[in-house]
Structure formats: C-alpha cells, structure tokens
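Chain IDs A, B, C, D and E follow the sequence of writing; residue 1 opens each chain.
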Amino acid sequence: MLYRETGQFKTSYKADMAVFPIRQDRIGLAIILLLAFVAMPLFGGGFLLSAVMIPLLVFALAALGLNLLTGYTGQLSLGTAGFMGVGAYACYKLTTFFPEVNLIVWILASGFFSAAVGVVFGLPSLRIKGFYLAVATLAAQFFLQWCFIRIPWLYNNNVSGAIEAPVRTLFGMPITGPHATPELRYLVVLSIVALLTWIASNLVHGRIGRSWMAVRDMDIAAELMGIRLLPTKLLAFAVSSFYCGVAGALMVFLWYGSAEPEVFSISQSFLILFMVIIGGLGSLIGSFLGAALIYGLPIVLKSLFPMLGLSVGAATVEHITFMVVGAMIIGFLIVEPHGLASIWRTIKQKLRVWPFPY
Amino acid sequence: MDSSAAPAPPGEVSREAGRDVILAVNNIEVIYDHVILVLKGVSLEVPRGGVVALLGGNGAGKTTTLKAISNLLRAERGEVTRGSIMFQGERVDRMSPNELVRRGCIQVMEGRHCFGHLTIEENLLTGAFTRRDGAAAIRQDLEKVYGYFPRLRERRKSMAGYTSGGEQQMCAIGRALMSRPALVLLDEPSMGLAPQIVGEIFEIVKELNASENVSFLLAEQNTNMALKYATYGYILETGRVVMDGDAEMLRANADVKEFYLGVSEGDRKSFRAVKSYRRRKRWLT
Amino acid sequence: QDGKDANFVPLFTYRTGPFSGSGIPIANGMRDYLEMLNQRDGGVGGAKIVIEECETGYDTKKGLECYEAVKGRNPVMVNPWSTGITLPLIPRAAVDKIPVLSMAYGLSASADGQTFPWIFNPPNTYWDGLSVIVKHIADELGGLDKLKGKKIGYIYLDAGFGKEPIPMFEQFAKDLGFELKLYPVAATDMQNQSSQWLGVRRDKPDYMVMYGWGALNPTAIKEATRINYPMNRFISIWWPSEDDARSAGAGAKGFRELNWHGVGTDFPVLKDIQKHVVDKGLSKVAKGKEGEVLYNRGVYNSMLIAEGIRNAQKLTGKKAVTGEDVRRGLEAINLTPERLKELGMEGFTDPLKLGCADHNGHGAAFVQEWDGEKYVKIGGPIKPMEDKVGPVAAAAAKDYVEKNAGWPKRSEACDSK
Amino acid sequence: MNGLALFSRRDDSVAKGEPLLTVENVSLRFGGVKAISDVSFDIRKGEVRAIIGPNGAGKTSMLNVINGFYHPQEGRISFRGQTRRRMRPSHAAAQGISRTFQNVALFKGMSTLDNIMAGRTLHMKRGFFWQLWRHGPALDEEIRHRRVVEEIIDFLEIEAVRKTPVGKLPYGLQKRVELGRALAMEPDLLLLDEPMAGMNLEEKEDMCRFILDVNNAFGVTIALIEHDMGVVMDLSDRVVVLEYGRKIADGAPDEVKASQAVIDAYLGVAH
Amino acid sequence: MLYNIFIDPFVQMAGAPDLLVQALWDGLVSGVLYALIALGFVLIFKASGVFNFAQGIMVVFAALTLVGLYEKGVPAWVALALTLVVMFLLAVAVERVVLRPLVNQPDIILFMATFGLTYFLIGFGELVFGGNPKAMITEQLGLPRGVIDVEMLGGRVSLQKIDIAAAIIASIMVAALAVFFQKTRIGRALRAVADSHKAALSVGISLNQIWVIVWFTAGVVALAAGIMWGARSEVSFALEIVALKALPVLVLGGFTSVPGAIVGGLIIGVGEKLGEFYWGPLVGGGIETWLAYFIALAFLLFRPQGLFGEKIIERI
C-alpha cells in the first residue's frame, strides 16, 4: 500500500525520463541524503565514520567507476587498484607541487591522470574481449604497481617508499592529517561521492549510457547501428578510471593518511570487482550495496561475536568471518544472481503488488 | 463456443482415463522471478503416439509450457507453483532434465541453441549422451539424421556457431532425435527453415510417429501445417487454454480459421490487401 | 575504561593471511608474556593487563580499522606489527595521544624522539641492522678495509621495508669500496625466485644479504641451497624463523641471521611463561614452538610494553595509566643488567636505554647460525656503526619533517635527561 | 495512416526507381566454405526487394556484406553511386543502412524504450560535457528524440512493453522491437532478415502492414529475407534467389515462382 | 642505451652459454609449474565456462590437507589417498551447494560464486590446519630430491630432480586430459556444457555428474600443483598468490585449451626468466611481475582467443 504508483501520472516526457520517476523513490532518496549528510556526522561517532563510512564510500566510488566499465559497458577490468593508485600518486604529486591550490581541486584533477592511463590500457579492448581482456587490465595493474615501487619521483624519494598525505585545509579547517576530524573528512568524501554519483547517473541515463549498454549487450549490433566501438569503449575506460582515480586519491588522503604501493595490489582490484558483481552489474545503487556487503559485512560479523557473548580468539573470529562471508556471498547469488540491486528491485515489485503475492 | 474451451479444472484431465496418455499436464501455474505470473492453470495431455499442437499468439506461454514440462524452467528462474506433470504415469515435475531425457522426453528449444564451439557432428552426438546402446546404434541413427537433413552432412565438420540459421535449426532437431525419444517437445520447429524443409520436417514427424510411435507436442506458429499434421490441438491465450479439440474440429472453427489460418471468407487473402490492423479478438478478457 | 585498575593493551596480530607464518609465533609470544604477568604478578604494578588481539591479516585496511576500534578505549599503546599500518599511525599518535611501539620495524627515522615523540622502535633500526651485517662481514674478512673489491648481493622484498636500506647500503659500498648487487623480489614472486638466484650464480657475490619477510625467506634459503651458495655467507636481517631454515633441509646448515635476544627456553622468563601460561593451557602456542626466534621476539616486545607501563606507573603514581603516561614510561626505559635479571632475562638480551631523543637505543645485535636444528649464537654482540647510521637517520627525520609541512615541534616535556 | 512524422531525413540524391544499391560480382569465402560466389544484383530506390533461397544459401551473408560486417574477397558494392570494397559497419549505418537480424540481436539488458532510443544514437549530437549535466540542452535533445521514439512505439503498437527489459519479451515482440530500433535510425535502406520467423498469421499480417507502410509512406527501400512464400510473393516488387551462394533467379515474384530451378532448389512444390 | 637493450644481453648470452641454458631450463621449469596451476583453471573453464577464482586456494587447500594429515601422524601415502578423498568431497559439495542452484547463470556470476568459495576455503583451511607454514613431504612421497649437475658449455647446469619429476607429471596430465576432452563422450559433453548450460540440459547431459568429475579432476591437478610448489618453498596460504601467475599463462594458451596451458606456461616461463635475467637489471629488476602479462597481451593482439583457445564466434 505504501508503495503505490497509482495516481502518479506523467504528463511530460521530461517527468517520465527523470531518474526517479516514482514519488516514493524520491522521498526515499531525500531521506537517505538527509541521514547521510546530517544525521550521520551528528550521531555517527569516530569509529563509524572513519572506519566504516569513509572506507565504504571510497569503495563505493571505486565500485561505481568499475561498474561503469564492467557493468555498463561489459569490459572486464582487473586493474582497478592500479588506476586508483594513479589517482592517489597524481594527487600526491600535484599537491606537493602546488600546495596552495585546494586539495579538493587536486583530488578531482587526479582523476584525469588515471583516465588517461585507463585509456591507454583500454586500447586493446578493441580486439580482446571478455576474460581475455582481463589480461590487459592485469598488465596495467602489475605494471602500475611496479611503477609505484620503482619510480622514486612518484613518492618524492621518501625513504619509507610510501606517500604521506600532507596537511591541507578547507575553509581553514584541516581535512587531511591527524587533526582532521572524522566528521569533516566524512563530509568531504560524501560530497564528492554524491556529486560523482549524480554525474554518473546523468551519464548512464542519457545517450552515452545507452551506447555503453548497447556495446555490452550486443557489440556487433551496436556497431551496425552506428555506434563506434572503440571511442565508446575508450570513453568508458576513461570515465571509469576517472572515478577510480578519485577514489584512490580519497582513499590515501582522507582515509589512510599514507599509503604504500602494496595498498594498490591486485587483491584490492578483485575486491572491488566483487563488490560490483554482488551489488549488481549495471546498477549504480548496486555499487553502494556491494561495497556495504563486502566491506561492511566482516566488520559487522566481527562485532557480532562479542555481542553474542562468545569469547573466541581474534584469529578464530577471522576464520569464521571468512567462512560466513563466503557462504553469504554464495547464498546471495543463489537467491538473486543479478546482485543486491536486483533483490532490491524484486522487493519493490513485491511492495507494489502487496498485499497480493503477484 | 465449445464447452471444452474453459480451462479444465484439476482432476478433470483424466476424464478419458481409458486412453493411454504419455503426458498429462495438470493445471500448472508458472511464475518467473518470483513475481511474474505467466501460466495461470494450464492443463493438457498428449496421448501415446499422438501429435498434439499447441497454438497461440506471441507471449501466450507456449514456450513456458514446454519448458515447464521438460524442467528447463528452473534454469531461467521460473518455477511451477501449482499443478502437476505426469510423464508415462510418473510425476516428473521435480525431476532433473537429464532424468527426463533418459526416460524419453526431450525438448527442441526455440531459437536453436546449438553448441557453437562443437562441430555439427559433435552436436548431434551429444544428443545421444543418455543412450547406452552402443556406438554402432548411435552411428546408425546419425546416418538417419543425415538422411533427413542432407545439408547437415555437408556441414558436419563445421563449427555449429558458424552455420546458417536454418542449418542450426536442423541441427537442433536432429540432435533431439539422436536421443531416441518417446516424446518430443518441439518449439517452433519451422522457424527460419525454407518451405521445402518445413514440409520435410513435418513429414519426419509423421514418419517417426507412424513407424516408431514417437509422440509429439509441438508449439508452432505455422498453424496451417501444425493442424494438418496434428491429431489434437490446444489454443493458449495469455497463459490459459482457451480452446482445445481435434485438429479437424479446430480447423473447421470459424475463429481459428480467421485468426490462425487466414482463410476467413473462402480464399487466402493477400498480405498486401490487409489494409487495416485487425485487433485480435480475445477469447477471454 | 576496562576495569578500574587495569591497563588496556591491544595487540594487532595476524594469525591469518599469507604472512601468518610469521604472525602466529609473534602473537603467541606477545600474548603469553603479558598473560604470564597477569597470572604470576596479577598484572603490572598491581593493575591487571587487559589483553585484546585485533586481527589485521597484515592488511593496512584492517589495521586502521583495528586502530579506530581501540583508540577510544584508552589503550596504553598500539603495536601495529606492520610497517604499512605503522606509517599512517605516525601522525595520528600525537593527536590521539597513543604511543606506537613498532619494535625494530616501521619508519626507521622515527628513532628520533625529538621529532617523533610518540613513536618508539627499539632496539635497532633496519639501518642499524645493515651496519651490523656489514661489520660482521668485515670481521669475517678481517677488517673493514678487506671489503674493498668484494661483491655483496642484496636480496630483498621489493617494498618499502626492503628498499629502505638501499641508500645506506650504497653509501657503504662507496665508502668501503665493495660492489653492491641488487636482487629485488616482488611480493607476488616470493615463491618464485629462480631468476634472482640465477643472477646470483652469474654475479657470484662473495656475500648475500637478505631483507625478507613471509614466504620470501624460506624460498630464498631453498634457492640458495639449490645453487650451492655457501650458507655461512648468506646473512639475513632478523626475521627468518626456524621453519624457514628447516624447510630447506640439511643444506641450510650455516645460514646466518641477526638477532638481539636469545632463542630457546633456557631463560627464567620463558620458564615462568611455561609454568604460568603454557602448562595451564592458557597459551595457543603449538607444542615445541615456545622459545623459537619469533616467539621470543614477541616476548621481548611485550616486555617493553610492560616496562613502559611500569615506568609510567612510577612516574605518575597511578595504577591505571594512559597513553600519555606510557609515552613517558617508554622514554624512561632503562634495561640495566640488574633490571634484566629481575625480569628473568639475564643473558636473554643486552641492556637498553631509551631517552627523550633516542627512541631506539641502537642496541647491539649478534649473529646466529642455523645448525640444522636450531639457531646458535656465534660471536658476541656487534654495535651498529653509529657514525654511519646516525647522519642517515637524522637526515631521514629531517626529510620527513620537511615533506610533511607543519609537522609539530616536540611539545612533550622530557622526564629523563 | 497514423503519421510517422519522424522521417525528417529524406535523401533524394537517388530518384525513385533508380538503383540505390548495386552489388557486383561479389564473392565471399570462409576458409573452404564459399558463402557467396559471384553474385550481382541491384536494389532500386523505393522498392521491396526480397532475397530468398534455401538454408545456408548465403542470404544473411549477403546482408552482412552490404552493411560492412563481412568483407567480400571479390566484387564491389555501390550505395547511392558510391562504390566501395570494404567499409566499417558504423560507417554503413551513418550512410543510412539499417537492419534487423535473423537471431534477434536486441540489447537484452535494456528496456524497449532504451533499445529504440539507442537506435537514435546517430542522430543525437550533444557532446560528452552536456551529457554530464543532462539537464538543459542534453535533456531537450533527449526529449525531442523521445518524441520520435514514442511515435515509433505507437506505430508498432508496443506501448504496453515500453519499459520491459526486452530479454523477457516473447519472441514475436522482440522482432517488432528490433524493427522499431532499425526504423529509429531513419534509414534509406532497411535490411530485414526473416522478420516474420516464428510469428503466427495475425502477427505476420501486422508485420506486413508495418513493412508496407514504411515502404510506401516514407519511401524507405527494403531488402527482405523471408521463408514464407506468401509474404514474399505478396510484398516484394522483385525477388532474387540464391542457392549455394550463387544467384539462380532474379525477377518479379511471378516469374521467380514459375522458374523450375527455384522450385527444385527451394520451394519443393509449386506455390 | 640502445646497446644495453639490443646488444648487450645477447653478448651476455653468448659469453656465458651455460647460464643461458640454465636460464632456459629454469624458465621451462617455472613454465611447467605455472602450467600445472593453469591446467586446473582450464579444466573447469573448458567444462563449464566457469572461471574458477578458487583454483589458487584449492592448490593451498590440497597441499595443506596432505601435509596436515601427515603431521597428524598419517603415513604419507595414506595421507595422499585421504587428500584425494577430501578433494572429491569438496567437488561434490561445490556441485551441490554452489553450482547446482546457479545453473545457466552468466559466467561472471559463477565467477563471483567461486570468489565466495575462496573466502570460505580460506577460513575453513585456516580454522582446521592453522596458518603456520608447513614443509612439503617430498621425500616421504617418494619424490626425488637433489640435483643433477651437467657439465656443459664450459660451465655447469644444474637440474633439480624434483623439477624433472614435475615436468613428467605435468606432461602426463596434459596428454591424458587433452585426449579425454577431445576424444571421449564425456569430454564432448563437457565442452557442450561450457557452451550452453541450457542446451546441455535440454539434451539430457547430467550437469551434476559432469561438474563433480571436473571439479574433482581440478582438485587432483591442484594437489599436484600444491605438491610441486610446496616443494619449492613451503606450504602456506601465501601460495595462493602464485595462482595469479597462472593468469597470463591461461590467457596466452587460451582458456579452453589443455595443451595451451602447457605451451603458454613454457612461453611465459622462458620469456619471463630471460626478460628478468637479461633485461631486468636495466630498469632495476623485478619486471617479472608484469612482463608475463605484456607477453600474453602481445600474443593476444594477434590471436584474441589465445594461442590454442577456441575461436570466439562472432556471427549475426
């Protein structure tokens, strides 16, 4: 009953083409934004903000970027972490070269560097498809990581071989470094993620998104309809890497505070890919849900053990967490192979016909 | 309208209990994706040695019915939520497709579904996967299929993925025949085939039916052909059986004539002559 | 927070993941020593120690999560046990007022207490270790001047940890006139070092030095035996364990590594652990693994923790101390021979004194050799070459400050002079 | 006639009745398989040209050659007077050739609306940076095209499935959506590969109607592959018959129907 | 500079031919070892279209089970047999719990499911056997140890006996599997399943049975790989990383080709070793991490389906 579209008529194509054509969805979104922007920083607390929410948003952004490439355009990529690294290192270099310029500008600008690198490694996608394409992106992953280790210029010759986020401010308040409050860091991350999500939603709902999906679903037919494959795929690589790059910069500057090249390792790439898949390929919401599941679930599970009054060693908790997460991933897939976003859609569908079963 | 047009309530299917029924579908209901209700109580039966046609427009649920019988629904996230399916007196709705094939019920899926990376011959041989009667017998049947479809013999070493649409269709039919079935569920066998081959396929159906007592349930858009070769027919509309009867009777029915055979008043009309779009008359609203 | 008279000591451990081979014995050693204090003495200075492990899997992400989870609960210090986790904590420590104990790992420059008042990395840095190794080689050859014209190979994990000594090594090579050959091993190739060792065969270095971790160590030792490299010229920094050498079989005999504490259970402190913890079934250590190198390293680490707490209690007169107190306590660490004896660690390790400026102690290390069964100490303690290491460390600290503009000047008062 | 006002694109460089497309001596081989050997024919502006032949005769391959997906080893193709040997498919599309496919090649994950909108991609001009913003010019453009698409949807009577993912549509409707997508490109030459396979009579009649309307009212030239002789004979102006990659007949439907070669190779019985 | 890149390495090769031979041999050996892992991937991919992310952890799991059982006092050969039983049970469990409910789902979904499996096996393996590294029981299994030194070309080339054993085992496996796939009824059915689950179901191929067979075979291959890699270093969870090295091999040889796995392995192994040994020092070494991928990429640009992979069918 709550979820009824009856009576909501669209009188213009404009209204019908809105991203959220249904009123309840718009209200829901408003509530979520309100919670995220107001309630969370007010009541969240340090641990929730810095150890849960910020990482989650960063991962969601990276997953969103990868989703544009893999979910929307159908190009499998295993180089996500590498592209994130490019963003992080680019931002690091930029902000050490031009410390006066606001960090936010550089965080966004660093995305362009990873976009450029993404395009280069996207070139083989014209000829190579599917799992085979993974090798091109793997080459990117390993080559980039090697560069992060091997080119001292990238990390300003630091003895530790790591990059450290220098202290930068926004409106006179520190947003990086030890004095930055979790609330402020969270809000900065959230704003950037929200902005980029909005842009992504614009892209995928328009001509570009349609060409991407066309290439994904049936590339030959797309080509026969005048969609040129290479530019379309490369654009997807560029946009996707842009997102990953920004996520990488956010990760180092507003979350970790400093990072070794090891942070951008292949396992991170896989992790993000799995967030995308479990969240739902080709779904923006899915990226957030996937990040929440894969990153958040272990944290929740871990805190569950003490709550249940079980005292088991930290290692055993970890083992069991691994097993449970693994089992849950499989379970979710069995319930709904097309990801959490699809479960979400089914629930909406059920709500729509409620109280009837179908 | 005929009284049998109403969907048969459960239990009534066996009204002709004396007859030897190879397949009985009893008031089944099918749901896709947990929410999309497609079949709303379909009952039908195929007598042993019968050729039964399943007619109906686009989206009526013919394919869904056949998949429900052969248990391929689950692979598409559909499920039979009500009713039962009996094959040779056994309940089969919980059985795996391969057990069903082993028992002699095989489906030729709509849209070909050949194994693209296998050659035509390998495709045909996989059809014999469940058979245990030795390589010689299989070879013999292979020759028989090549006899039916000489075009396949020419292309036997080609990867099926590269062959033309019609060749793939022949391959799919031939592959099913390789399993020596007792009941074949044919989904749109004539689709994409040259007229001559369409004729041949129905001849094959007839021959197998006559010589080896194979039963057929065919979902076919080519109503003319289907009713010519079938003994009995069901007409499906939006997930319900709206009419059934002997092929003769159906062919004589005015509605069927008009909407499925296109011979409303006397002669066949030219397609060019159809000037206005005809709204399909619904049996049920 | 946790009980009235109690001190909360979180231990970041990694009993899982690809590095668990090293992580498990360390975690056991750390835990068992503190548990022993709880059992035997009721904690430190009458305040129980609340031990809590947080599993990091050697993953920086999870490490930071652990940090966030414990930081609000008044931990007296954190033990990150991974350089990757240590680095992001360095700037936070001062703000959150939680000292970081990164024992002989982490940022070597953090030995400088004037710049890094909250970070402690006793008793040696990797640079100290390198200078000890060079000195040991020189001793073998009969003097530093004998190094001239020699060739030394360096096989290392191609990451911050392994790369850190390279500038120092190059400096030594220049100063002492030997040739340095580098053999980096990527983290993904730890188990697959045949090209590196083929390079060793080609270059025929007179000595091999190794800075490895995890699976790198056993594989390197095996590969060395495969090419018949003379094991007694193969010297590692202090991380290889007994298992690492053992898995290479008899050929590994003679393999050398640095250490600064005893191995085996022949020390009163380990006997106490045996009696109060292991025998009571309170330990997770596998039978026969007590007293192994990394286990004892964990014990040493926890001894520093306990000393830090104890000093803090003395300085403040409180039983339950805070991170701030313990920072002072750690600066006051002074392990005199007498104190070591009290601790049951006589002969276990050398004296160590930290101070406000020196958070490391730059203690001596010795070389131990694998005899096929266990590591045996050969030769006496070797002091690091202060003259060589000092300037490098100072420069590194300065560099860090420069690159992190706005790095705070030390404002913490100094107790010990 | 419900007005398809959409066909803004009117190319009059070729007069009605003149050859729009000529295929000259085209041969196509795949390894040992000769899919097409030395075939020539033309398609005149404004006509419905049928291509028939037994299975595997090379009909689909012929279409693939015409719109650049296959590159013939020999022969030439001229479209609107421009001759070429090879061309990229996207280029052919830009020139005004669109098509439907034998095995429905819709974009399975997208809705009917999006599929047809995707057909308009060529006509949409707003660049990347407008798309980022989406409101304003990009949205205006989008709405303009949406209007056209809605007309097509109306025309094809698929309003009810506008928002359904096409993968879940029954086969017949998928074919219709595919036609809609091809129409959305506003082609000069429309290639239809068995558009009526798997349809019952009524649906075929509808489809015929659509095809004739597109042909008559908008002057779109059509090349049609179809196995239903009734349809072919009724709709087409001229028929070319292929067998084993060779042309065996070419002419008006009645001539072709009477040709013995065609009866032997294809029809089986005289129709 | 150019000299260093284009001439010097060859001068070095000519100057010390024994080292060249040794490098080649080492390359071949690592190639064989990569191939052993890649083979497990190929098996499952070829027979079900599933890219099995869990293959790496299966290698660890198999080896751990073997060594773990031995450490519990089970005689080596019995432990080996028991490990095979465990791998069989694993195959059955995977089929029941993971594959059966996910039949006919897109490849990427099954790929994801194997990721879930990986997580589960990591947790389970560590819970049962602990995270300590263990030494492989090479001698107890009767595998040869020691070196054969061959004097040649004015130098010495040393061949590890265990490497020779690995090469022999790998060749036998590859040959047997290649024949199995190409020539037998089951092999044909496996390839059919990989092409289309749905069509395979419709012709009555029993996916359940097929999947148990391939996963068990992949388990056996994983065990072989685990023993060989374990003998190189030690048996620990770090071994999982090695599976990554199988990816370029897999891609180069073609996901669907059993012989491709071995040929790809050899090309990558040799290319990587020579590259690292002769050209690596120019850029500070460590190029082995990515060189393999670039080699594979270069081949792919010419053959998008890998050297021996099935052609990617593009028809409309």
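Convention: a residue touches a chain if its C-beta (ideal position, glycine included) is under 8 Å from a C-beta of that chain, and two chains touch if they have at least 3 such contacts.
Note that the structure is a prediction, hence the values are computed from the model and not measured.
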Shortest contact path, chain A to chain B, counted in steps: 1
Chains touching both chain A and chain E: B, C, D
Graph distance between chain B and chain E, where chains that touch are linked: 1
Pair with more cross-chain C-beta pairs in contact, given D-E and A-D: A-D
Label of the chain whose CA centroid is most distant from the centroid of chain D: C
Between chain E and chain C, distance of the C-alpha-averaged centres to the nearest whole Å: 36
Computed distance of Cα centres, chain D from chain C, in Å: 74
Mean-CA-position distance for chain D and chain B (Å): 30
Junction residues of chain C, two or more chains touched: 15-16, 158, 186-188
Per-residue overlap in chain E, given as positions that touch at least 2 other chains: 122, 126, 131, 244, 284, 286, 289, 316
Two or more partner chains touched - positions in chain D: 60, 69, 101-103, 105
All touching chain pairs, where touch follows the definition stated at the start: A-B, A-C, A-D, A-E, B-D, B-E, C-E, D-E
Chain B partner contacts - residues on chain D that touch it in the complex: 30, 33, 53-57, 60, 102-103, 157, 168-173, 194, 197-206, 208-209, 212, 227-231, 234-235, 266-269, 271
Chain B-touching residues of chain A, taken from the complex the two chains share: 337, 346, 349-350, 353, 358
Chain C residues within the chain A interface of the complex: 13, 15-16, 27, 52-55, 57, 60-61, 64-65, 68-69, 71-72, 83-84, 87-88, 90-96, 107-109, 158-160, 163-164, 167, 186-188, 284, 396, 399-400, 403-406
In the complex with chain C, residue positions of chain E that touch it: 16, 19, 22-23, 26, 29-30, 33, 122, 126, 130-133, 135-136, 145, 147, 158, 160, 229, 232-234, 236-242, 244-245, 272-273, 276-277, 280-281, 284-286, 288-289
Chain A-facing residues of chain D, complex: 67, 69, 88-90, 92-94, 98-99, 101, 105-110, 114, 117-119, 121-122, 124, 126, 128, 131-134, 138-139, 142-143, 146-147, 150, 181, 185
